[in-house]
Each structure stands twice: as C-alpha cells, then as structure tokens.
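Note that the chains are named A, B, C, D, E and F in the order they appear, and that numbering of residues resets to 1 at the start of each chain.
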Amino acid sequence: MLYLTPSVLKNMVKKPATRNYPFAVREPFDHYRGELVINPEDCILCGSCMRKCPSLCITVDKKAETWECDPYACIYCGHCVSVCPTHCLSMKNVHRAPAPQKVLMSEKGHPPQKKKKAAEAE
Amino acid sequence: MKYVILAFIGLVVAPLAGGLLAGIDRRITARLQSRQGPPIRQALYDVLKLFGKEGLALNKWQIICAWVYLIAAALACTLFFLQSDLLLIFFVQAVGAVFLVMGAMAGRSPYSQVGAQRELIQVLTYEPLLVLVFVCMYLAAGSFNISDILAVESPLLAQLPLAYIVLTYILTIKLRKSPFDFSTSHHGHQELVKGVLTEYSGPYLALTEVAHWYETVLLLGVCALFWTTNWLWMAVLLMATYFLELVIDNTMARMTWRWMLKYVWGIGLAMSVVNLIWLYAG
Amino acid sequence: MSNLLSILILLPVLSALACYIVRSGAVRRLVVTVTGGVLSVASVALLLRGSFEAWSPGTLFGLSWDLIITVLDFALLGVILYYGFKLKSLFIQIFTLAQIVLLSVFEFIIVEHVAVPAFRADNLSLIMVLIVSIIGSLICIFGLPYMNRHEKHLNLQKTKQPEFFFYLVIFLGAMNGLVLANNILWLYFFFEVTSLCSFRLIGHDGTKVAVANATRALWMNSFGGLGFVVGMMLAYNAVETLSIAALLTAGPQGALALTGVALICFAGFVKAAQVPFQSWLLGAMVAPTPVSALLHSSTMVKAGVYIVLRLAPAYQGTLLSDTIAICGAFTFVACAALAIGQSNGKKILAYSTISNLGLIVACAGLNTPLAITAAIMLIIFHAVSKSLLFLCVGTIEQEIGSRDIEDMRGLYERMPRTSFLAITGVLTMLLPPFGVLLGKWMAIEAAAGSIWVIIMLALGSALTVVYWARWGGGMMGSRKPGQPSESLPLLINLPLMLLCIGAVGLSAATPAIYANLIQPMLSSAALAVNTTTGSLGAFAVYGLYIALGLGLFVAFRAGRRAPVLRKVGPYMGGANLGEDGSFNGPMNQPVAFGAGNLYLSELFGEQKLTMWVNIAGAALLVLMIGGGL
Amino acid sequence: MFKSLIKNSRAKSPWIMHFDCGSCNGCDIEVLACLTPLYDVERFGVVNVGNPKHADVLLVTGTVNHRNKKVLKNLYDQMPEPKAVIAIGACGATGGVFRDAYNVVGGVDKVIPVDVYVPGCPAKPEAIIDGVVEGLKKFQQKVEQAG
Amino acid sequence: MTRDNLVSEVMNMKNEGCRFVTMSTVLTAEDAVDVLYHFEKDFEVTHLRLADQPLAEPVPSISGVYFCAMLAENELRDLFGMRFTGLVLDFNRTLFLDEEVTTVPLVNNCKITPTN
Amino acid sequence: MARTVIPFGPQHPVLPEPIHLKLVVEDEIVKEAVPALGYVHRGLEMLVAKRDYHQMIQVCERVCGICSMIHAVCYSQTIEEMMGIEVPKRAQVLRVIWSELHRMHSHLLWLGLFADAFGFEALFMQIWKIRERILDINEATAGNRVIVSVNVIGGVRADLNPEQRDWIESELKIIEKELKEIQSTVLNDYTVKARTVGKGILTYEQAWELGAAGPTLRGSGVKSDMRMLKYGGYKLLDFEPVVETAGDSWARAAVRFREVLQSIDLVRQAIAKIPRGDRDLAAKVKGNPEGEAFMRVEQPRGECVYYIKASGKKNLDRMRIRTPTFANVPPLLAMVPNCELADVPVIVLSIDPCISCTER
C-alpha cells in the first residue's frame, strides 16, 4: 500500500509537468506533418497527388485548372508531398487550426505549357 | 446575537468555505499528479454554471430529494455551528443522506439505482462508526453537546487517538475519496458513471454539490472538535487531515464495497471498541 | 371508572360474540365500526380520568371475578390442549399440560387467596390502552373491506368472516385487560387469551402453511406461558403477593425472585418474538394483512414488551437488567441484519417490528429514566407507523398481487396515493423529526454508557436505514400528468389517512406527550430526569424540528413548482429507447429495465444468518435467566 | 448579479463528454492525452464527466456509422442546454479515409449540429485544446444570443 | 476438405492440440467462396480449405468445436451473407450491421434477402 | 431475487471505445454478459476495391490508431512476400524501432487506462506522463505522434540520424528510470493487487482453446509471441517472450509492464544494429502483387493476422485482417460471468480491448 506516495509527494514539490499551451507554445519538431499547404504558383496540375492520396481528398481538374483539397478529409500522411514533381506541396510543422466551418482549399492551378502567373481564386 | 452570527456562519459562510476547499482540493490533487490544476475558485464556477443550465431530472421526486438533501445538510451544518447536540446533527445529516439515496432510486435508471445501493452500503459502513466516535467523545467530554465538548480543557485527541483514525475512515467515505469512491466519484471514469448523481443535471446537480460542501465542512468541524484548546493546532490538525485524505486518494485504487464492508467495519469497530474500553477504564 | 373499564374490556367481547352469532355483513360492519368508535372514545376518556391505583370489579352473579377468571383460565388451557391434540403437536401438549399442573399447584396449594386489586393503571397502561383501542380499532375497520376483497381473491364459497372478526375484536378486549391488570393471575389469563386468539387468526386461511405456522405460534407461546407460570410461582414465593404493583415497589428481591422475574420476562420475550423466537411472528405473515397489522403494531407483541417494561423496576440495577438490555440490543441488530436480506415486504416489516421491539426491550433493560422514556416513545410511534405500513402493504398487495418490494419499484406511477402514504410511513420510521427516530435517539443517548449495547445499537440503526431507505426510494416513480389516481374504498382510505396523519401529527406533539404523560409517571417513580440536557433537551430546542419540517415543506414545494422538464430518458450509455428505461441491447433487441436491490445474501442471507442468530440468541437468553440466580 | 456570475462561470467550466463514434483510437487517445499532466485541460476547468446529463461540450471522434448514429443522437439529446459539439479529426469532420466504406455515414454533422471542426489525423492535443477554446467562444455567442 | 467432413477434420485439429487462429473467406465466383480455416501449433500454421462453397448453401458451424469461431462465423454471416448451421450464438446479421445497410458488403453489393 | 440489467456502453467513461455489454447482475455479481458490437464497424476490408495496394497502407494504419505502425508492417510484409521483395536491412531495423516504440506507448496507454478502471487516477496520470516521451520521439522522428505513416511497400520513408539515435537512447534511460519508480505500485501495491489478483482467471487450457492472443495468452502461461517467428528485423535481435502463469488480470498487467521494459531493450539493440554504410531505405517496387499470402506479426495486443489474395491488379481481391482483440473477445466472455460488477471494467480492460480493429 502507498507505494506511490513518494512519487506524488515529489510531484507536489516539483514544478508541474504541464506545458502551458496555448499561453506558451513549445518549439515544434521540424518533421511534424502539420497543415498541408500548396504553392499554386508551381502546381502543374499533373494529378499525381490526386492519384496517390489514400484519403482521396485532392481533386485536380485540368479543364477548369483547379486544385482542390478537403483539409477535413486529409489524413496528413504526406504522400502527396513526396510525389509532387514540382514540390509545390508542403507541410508546415504546426497543425491546422480548428474552425467552426469546413472550407475547401481551392486553388487555381497552371498547366505546364503556360507561363507562370499568379491567379488565386478564393 | 452570538447565535445569529454563528447561524450565519453555518448557513452562508460554510458552503462558500466548502466550495473554496473543493477548489483547493482539486488544485492540490492536480499537483500530486504533476498537473497544474484549475483555479482555486473552480468549484464555485462549476456550481454557478450548473445553476444556469437546463435542469434535467427523471421526475419530481428527484427534485424534491435534491432539495431535502441540501436543506438537511445545511441544517446539520448550521446546528453544528450553533453548538447543538452531536447526535441530533448526525440524525439531521442522515436525513440528507437518505434522501440522496431515495432520489437516486426514484428513476428507472440502472446506474443511479446501483449507485443508490452502493451509497446505502456506505451509509451502513460509516453510520455506526460515526455514532461510536460520538459516543467516545461523549465519554471523554461527558456530554453530546458541542458547547460542552468545547469546554473540555485538554485536546480530545489525546484521549481519542483511535477514534480519530476511525473518523478519518468516515471522512474518506464521506468525501468520496479513493479507495471508497464507488457510489459516485469526483472522477468521471468509474464503472457507475456518476452513480447516485447520474440522473441529476443542471441546477439539481448544483444542489447536491452545495450540499456536499456543507457536509465537508460539517465533517471537518467534527475533526476540529478533537483539538479545541488551541486555534493553531486545530488548524494544523485539519490541514494535516485533509492533506492526508488527498494523499490517500491519490495513492490507492478504488476498492469494492464488499471489501469496505468487511475491513472498515472490522477495523473501525475494533478501534472504536478499544478506544471505548480505554475510556471506560480510564 | 367501572363503566369505562367494562367498555374497554367487555364491549369487545360482546361485539365479538355479535359478529360471530349474527352472520350478516351489514351488521358486522356496523358492530365493528361502532365498537371501534366507542373504544377509542372510552380510551381517551380513561386517559382524561388519569391514572388510578387500584380497582376491582365486584362480583358476577355472586361469584367473585377472581374465581371466574380461574375457571376461565383452566378452560382456556383446556382449549389449547384440545388444539394440541388436534394438531398432534407434542410441544403444545407438553407445555400446556405442564401449565395446567403447575397452575393447579399454584392456585390450589401455594396461593393464599387474599383479595388483590384486579386493575390498576399508571400512564404506561393508559398509553397502551390508547394504542390498543384506537389503532386496533382502525385496523379492525380496515379489515372490513379488506376481508371482502380477500375472500373474493380466494373464491370462498362460505364466508369465514364471523370467526375472523370474533377473534380480531376479542383481541382488543384481551389486550386492554392485559395492560390494565394488576393481579398477576389476571395478567396471565389475558396473556393466554392473546396467545389463543393469535393462534386462531394466524391459522385463519386454513392452508397448510397457515396451520403449520399457527401451530408454531401456539407452541412457542405456550412455552412462554409455561415460563410465565413458573416465574409467577417463584416471584410469589419471594414477595408473597399477587399484586404486581406490590412486586414492583418491593424492587429486586434476591436471586430466586429475580429468576422468577426473569422467567416472566422470558414469557414477554417469546410474545415479543425476540430471538430465537422470531420465527412464529414471521410465520404469522401468512395471515390476512389486518391480522399482521394487529399483531405487530398494537397488540400481541406489544403485550410482550409491555410485560418486560412493566417489570423494569423489579430488576432495576441488577445483572438481569444488563442482560435484558443486551438481549434486546442483540435482537435489534440481528433482525435489522436479517431484514436486509429480504425482499418480501411483509417480512421486512416483520423483522423491523422484532428489531424495534428489541430496541424497546433494550431500553427497558437499560432501565434509566431516559431509557424508559425512549421505550414508551418507541411503543407509541412504532405502533402508529407500523400499522400504517402494514395496511399500506396490504392495500398494495391486493392491487398489484405481490408483496415483494421489487415489484413495488416505481409504484408511485400506479398507486400514487397509497405509495405516498407508504413512503411517509417509511420516513416516519426512519428520520427526524418523526417520533420513532426520537425514541432511537434517546435510546442511543441512554445506552452511551453501556459499551456492548451501544455498539449493537449503532450497528442496528445503520442497518435499519438500509432496508427502509431502499424501500421508500424504490416506491418513488414518475407519473404522467393527468393520469388518474387509484380509487380505494372509504373504509380502507380512512384508516390509512388517519394513521398517516397520526404518525406525522403525533411526532409534532412529542413534547406534549412527554410532559403530560411520561414525565409525571417517572417522577412519581422517583426517577427524576434532568430535562435540560441531552436528547430530552431537544424538546427545548423544538424550533429545530420546526426548521426541519419547514425544510421538508420547502423541498416539496420546490419539487411541485419545478418547471416542466424536457423529456429525456435515463442514462443508458446512449442506447436508451424511449423514457421507460429500456435500451437497445445485443442483436438490436430492446431490453426492458430491470433493477434489484442489494441483498448481500452471502452476508445477510436468511438461512445462514438465522442459524447463528438463533444460537447466539438462545445463549444470551440462558445467560439472562441464569443471570438472575 | 447572480445572472452575470452564472454567465461568466459558463466559459470557465466546460465539462466535456467524449464519445468515440467509431474512431480508430488515434483521436481518442489524443483526447485522453489532453487530460494528462502535460496538457492538463483542467486548467480551463475542463472535467471529463462521461455522462451526457452533466456535460456542456460533446467531443466526438471518429466516423459515424449506422449503428452508432442513434447513440450519438441519444447522447446529444440527453445533454442539457446550452451545449456545444466539437468534431475531432478527419473522421469526425467528414469520415476521413473511411468515408467511402459501406458502413460509414460520414462526419458527425450528418447527425447532430457541429460547432467546431478540429482537423488532423489524429488531431494533436494542442489542436484539441484550440478546438475547445474555439468551442467556448461559440458557446458564449450562443448563450448571448439566447439572452 | 468438404462440407461433410469439415467438422470432423476440425475436430481432429483440436485433438492434435491446435489453436484456432481464424477463418478467412475469398470470393471465387459471383456466388461462391473459398473458406479457409487457420490453425496453429508450435508456430506452425495449418490451413484447411473448403473450396468453392456456394454462398446459398449453409455451412456446418465449427463453433461447437471451437467456441471462439463463433465471432468469425457471425462476421461472415454479416459480410458475405453466409449461413451456418449450429452456430452457438447467432447474431443473425446484427453483429456489425444494421438494417440500414441493405447490401451484402463483400459480395459485389448484392441486395440482402431478408431472413427471419 | 430481482436482477439489475445494466447497459454497459456503448458510451461509457471506462470504455474507451463503443462496445455494448448487456450485464445482468444480482447482488452486483454478474450473471450474464452478452456483447453487442458494430459501433465501430466501418467496412475497411472492402476498401481494397477502392484503393490501390499502396494506398491501403494508410488505411491499414487506421485500422487502429494505437498500433498503426505494426498494422502497416504486417500489411507491407504480406505484400512484399507475395511480390518477393527484399526489404533493405536498415528499413527492417527501423521498422522494429518504431514497432517497439508503438508497443511501449500502447502498453503504457493501456496501463494508464487499466489504472483508471480500478479508480487509481494518480497512477494513470503518472503513466501517461511517461508515455508522452515516446510520443515525442515518434513526432520528432516520424512526423506524427501516434499514426506515424512511415511505411511504404518495400521499406520505410524516414530515417534516424545519429543525434536522434543518441537522443532516443537518453530518453529511454529517463523512461526506464521513471518506470522503475512506479513498478512496485503497479505490481505490488495492496489496493492494486486487491483489485486485480484473482480477477478474470483464464487457465492455460482455456486460453489455448478459446484462441486467446498476446499478453492475454502469455498471462496464462503460454509461451507464444509472434516475434519468436523472427520476422523482419527481429531475426537480428535477442528475444525471449515474457510469460506469467497466474492467468488473472494481475498477470496480464505484469506481462505488459515487463514487456515495456523489454521493448526498451529491443529498441536499444535495434539502434545498435542500424547498419553503418547501407543507407537504402526502401526497395524499388514494380508491378502488382499476385497470389495468396498469410502473415502473422505480434502487435501490442497480440497476434495480428493478414490474409491477402491478389490477382495482379492494382487493387487487391481480398484482404482479411484478424486482429488480436477479435481473438480475445471469446476468452473475455468466459471471464466475465460471476465476477463483481466493479470488476467488469478491470477484466474487460485486462485483455486490452481494441474494438476498432476488431470490427474494422
């Protein structure tokens, strides 16, 4: 009985282990697969990410020249990032913020033959 | 005038103190678990919030029972501060305990039904012990009246060490601390969910919570009677006792009521009897 | 005086005969109701006249009443012997024969027949008369519609009600006689009458079980009667008078006399079904409810404790007194424990009765003024509450066809009025500010100096809480608005209401009862009680009781006024279906709500526990009687 | 005064109930992790009550399927007003990787109204804390609208 | 192995002291399956195959031999719509599925035929 | 005597996952326990028709979020066996490291929940505090706390650099120290023993016959651990399974607690075995799998079985997963009757139930 007593008493006098999130945010790990972001400038609408995504959450429409992803269906596995030929996909090392509404990530992509041109539609 | 003030303390100050104590309790518990814990006033926030919620109960009997529980606890606490008869206080608080059980039994809910049965086992366990502790105090002080006990010259603890240990058992049961938190628990992770309190919700849950604060203060008051000659030592005794309760809560698993009935009765009765015989002999 | 006494004792006899002879429902109804009313009024009148020291009836047709009683005594024993042979019960035959022999020796050889006042009444007797006459009458009245329904349930061709009411009503007279008697031979006579009546009533339904249980009741009580005769002889040997009053004023008189007293107490124990004799009272449950109610609340068993209590001065300060206290306390705790293992409502009531009687006996044994006060309080309030509960259970049983407390779960839904009364009855047995608890409180305070008794009282009172609280709580339930309440015949409703009001109202009148009835008696016995401290002091802080009562009132009002609740089902882990406590179980099948109490059968199982209790009880009894020596 | 006290207390005492609605456990254990020393959501007065009748906030993890949707609905109905629902993880939001499996109905919002979505698979404890904070904001708005 | 000697074969496995690992089922045609029974002893796995079993025909249950096969058989009842005779605890297609699912999931989404 | 019927779950605070037990109790002794499943059933096995065999890895990981790594390993190994792929040694060792880290966090998670089941909140907190260190390792090395997603067919897609290896070693030291601190509480505390010893006894014969798996089987004295098959990187390591003989809840807890310590050792061994030169993480994969394969690995909860049939298409024909809890449910049903109601959570948790993998 009471084997845990030393531990709890030690806890009592030591500083609590609690990280005071969100008031103090610790340095995130570099490799953490957080929010998926795209640099639409570089996307060539090749569709590799769409084909590789295990969650089927990316839609690339070459005709409409759009790249869409449902971040609320994404499982943050990072496969799309590793297959993207132009490295326009990347993952931040912080998580995507919770939100009261689900919104689709929707970007205007550029087929390769065209010149680069910033065309974002949100 | 003195009685008015005392009654005020018992009726109004005591629950607030109980609420703060509940907050401190949670804070220290958190610290024992290496957590930071909630603010001290958390228990008050909780109850205030509950008062603002939609009330849910299965039927009106439950509501009545919650009210009786509160009123009986408040009355018992007030009587304590008015320095009344210990047995009387005991019986008045028993009203609350019984109504809490009956309220839990009033609905067709298996969880609160089982909780009620377990609560009865707890009542069955602590009641005789509490009576015996009071009898010990009676023998030591010559009266069941708190005013007479206060008049005793030397601390009762010296004559009643075993009775005090028995009292800590009772305290553990009444404060719903591990290892005896099986009829309802402060921690939600329990096989009975919330046991007797499962079906109370919103303001009615708040009533039972306030009643629990009254009971806490009442029981600590009884503890305090063991060292009435010196304020400082009384405070030390109370703090040490409460801290001990927290440590016990945090270093033990929850036991079953079968175990409790056997061991607490056995040990508690034995210690009370030894202490009683000692008093008779002395 | 004489008129009142004759009314109280003889009127029931006449009414009983009337019931028996005139076999008409209407007449019976009239006779019983009127008798009840008259008895009640007479008992109150007797109370107002106050206590009296001695009164003897004159003669009847020139024969002295003493002689008549003696003749009747032997006749009675003859009847019992007859039943003994008829039932082929060796016990009854032996005990009764022994009684006849010993009584003959006593009557014709030992006793010098000097005139001893036959009746005498102190406040204790008067209170008993009140209880017997009022509560007993209410039960009899309740019995009228009850028995009609009862016989309908049994499909009887030929009504057996005339005999039933014959014994029922005559019981009241015998009880009144018993509590007022001063001549110990008279006491003995009435004592035997109650034995016989209870025997007949228990066996009334004539089923196998009923007959067996009645037989057991009779042999046990004959055993008690035997004890009574022997005790009477021993006591007479010492004090040389048949007057109980004289016996009491003489106080403890040496070993042999004390043994005599012990034996008479033993008779009281049997009658009060103290362990190990509890089985006859439990068996008595087979009888129709009015019988149980009568036996438990106001008559039979109260006769037992009355005798023990009556004799209290005769053993004050002796070892016998202590052992009686321990015996009583043991019964208190043992039967409370046994009650926990029960789900049969009537059995719980029975154990609770025995348990409470044990408490009263313990108080008698403690033998301090406070304890005696407690005992009297308990007798009063227990009688009221218990009769209420019995009648409620009877009513419920006729409605739902079960006396199991599990079947009464949520009864409020179906029988709001009766279950409300029953819950009130439970509360009055259990909680302050009601009288029974007050008695218990005084008992605990009185026992504080007596280590073994107090431990048993502490345990017992906790056990008591368990079986009452779960019963009371279980009967609570939900009701849909607008659902009609149950309808009951007037003669059932009225006694229930009166008893309920009595149970609650009398509690409020406790201080008055104490001041006017109990205190004078005690001080007259030169046992002054310091009323300013302790539980009696609570009468001074009467305000607290008002506060508690007010609290209950506030709570009920809050409950009534609570807003209409949104309808949600009970918590079922999310699987709830609707609001009635059913849930969606395995294979998508609905599972109905089910709940059972904890009966802790491994701890409080009747069979095992009873054996141990009986052994311990018998040992204690031997100790008690031996302690007199 | 009492009213404003109550109002202020609401945001300080969100009692949560967690219902695992067919999750892979990834999100569940992260919800549980929130209670443990490193994250200790009791700092915000959060208590995991495990009983809908006591809860203010319902945390749902996992995909809704045909069997648990009834349970989810029951639990939601048993919570006293005011209440909030937080859907956790990809599954709670949309059904996640499983959303085209035959027994999956979809996200939590197919059955009950959701106040906050926490993305992630599993959502990190930090994200869940953010979600609760966000939920409390919405909670407060709702209460204010109700008066 | 055939449907007739299935139970006795399984009985043999049990007598040899094998542990029942699980059963698997594979569609071999529109309406027929291979049922595989996997057993283990001393880290050696033995597979028994009940080949090309038509889905419409009930298979004798081995749950009488190995109680623990009960879960697996109930699962196949749910997912493939197979029937088993002598199943000790029959959930009758409610182990996993509710009536909202109207197809037999792993058999190319054919409609379920309501059973008693 | 009237019986109480308790709907235990689907939502219940001591059950981490939705499962329903209809418990019929008498005097709080369980007389009858009937389970209802299906609250987590999603229909994963059917997803093979909608995902190609590469994508299925992610789906398999989410059969269970706790031992996700090991599911992925088992799935990959099955495919690799069918396609005859030789996994680089470095990848094999790395798979062991992450697998054992998963086992540790899974066991610690379970120990915490177990402590919670018998009402020992402080112990729960203490254990989960320790567990966070492992999750930190996962997050730092693999990119996510619980579902690491590092497996691909043919190998892994993350590596450990030397600093990370040292850091893991030092973290393991701290974890080991903190575990030793609570060891006597878990194994010897009076109240803990009172709640676990003799509760839910499963004899050697019962365990074998009812097909129990993992610690549930080993707690009953059966020396059976799939790591003894020396699959993957395990062939490079010293390994002796942990066995207890009492067969009760305490024994199962003891097995798991000792396995955590064992896993620390295995991780250390594996780190030492990471090849120096060879930096190859994954073999090249060409074509599609064809044929049938049957694969068993040891997950924290026991033996996990994958059976796959493919016919040279991108999508597999059939994937069958038998998870350890699926095997442990029948033994559980044998343990629960005649226990006390208060022991139901303890016994249920003692098999470390994972319903999401049971139902998939």
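Convention: a residue touches a chain if its C-beta (ideal position, glycine included) is under 8 Å from a C-beta of that chain, and two chains touch if they have at least 3 such contacts.
In this text the structure is predicted, and so the values were computed from the model without any measurement.
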Intersection of the contact lists for chain C and chain F: B, D, E
Far-end chain from chain E, centres as C-alpha averages: C
Top-ranked pair of chains - ranking by C-beta pairs in contact: B-C
Chain whose mean Cα position lies farthest from chain D: C
Centroid spacing, where centroids are CA-atom means, of chain C and chain D in whole angstrom: 59
Between chain E and chain B, distance of the C-alpha-averaged centres to the nearest whole Å: 57
Rounded Å distance, chain A centre to chain C centre (Cα mean): 80
Whole-Å gap separating chain D and chain E, where each centre is the average of the chain's CA atoms: 39
Touching two or more other chains - residues of chain F: 4-5, 7, 10-13, 25, 28, 36, 38, 41, 43, 46, 50, 58-59, 62, 122-123, 125-126, 129, 147, 189, 191
Interface hub residues of chain E, defined as touching at least two other chains: 94, 96-98, 105
Junction residues of chain C, two or more chains touched: 568, 571-576, 586-588, 593-595, 597-598, 600
Which chain pairs touch, all of them: A-B, A-D, A-F, B-C, B-D, B-F, C-D, C-E, C-F, D-E, D-F, E-F
Residue ranges of chain A touching chain D (in the complex, touch as defined): 16-22, 25, 54-56, 70-77, 95-102
Chain B-facing residues of chain A, complex: 1-5, 8-9, 11-12, 14, 16-18, 20
Chain D residues touching chain E - in the complex, by the definition given at the top: 66-67, 102-103
Touch list for chain D against partner chain C, complex: 19, 51-53, 70-72, 74-75, 77-78
Touching residues on chain F, where the partner in the complex is chain A: 50-51, 54-59, 62, 122-123, 126, 129, 136, 139-144, 147, 149, 157-158, 181-182, 184-185, 188-191
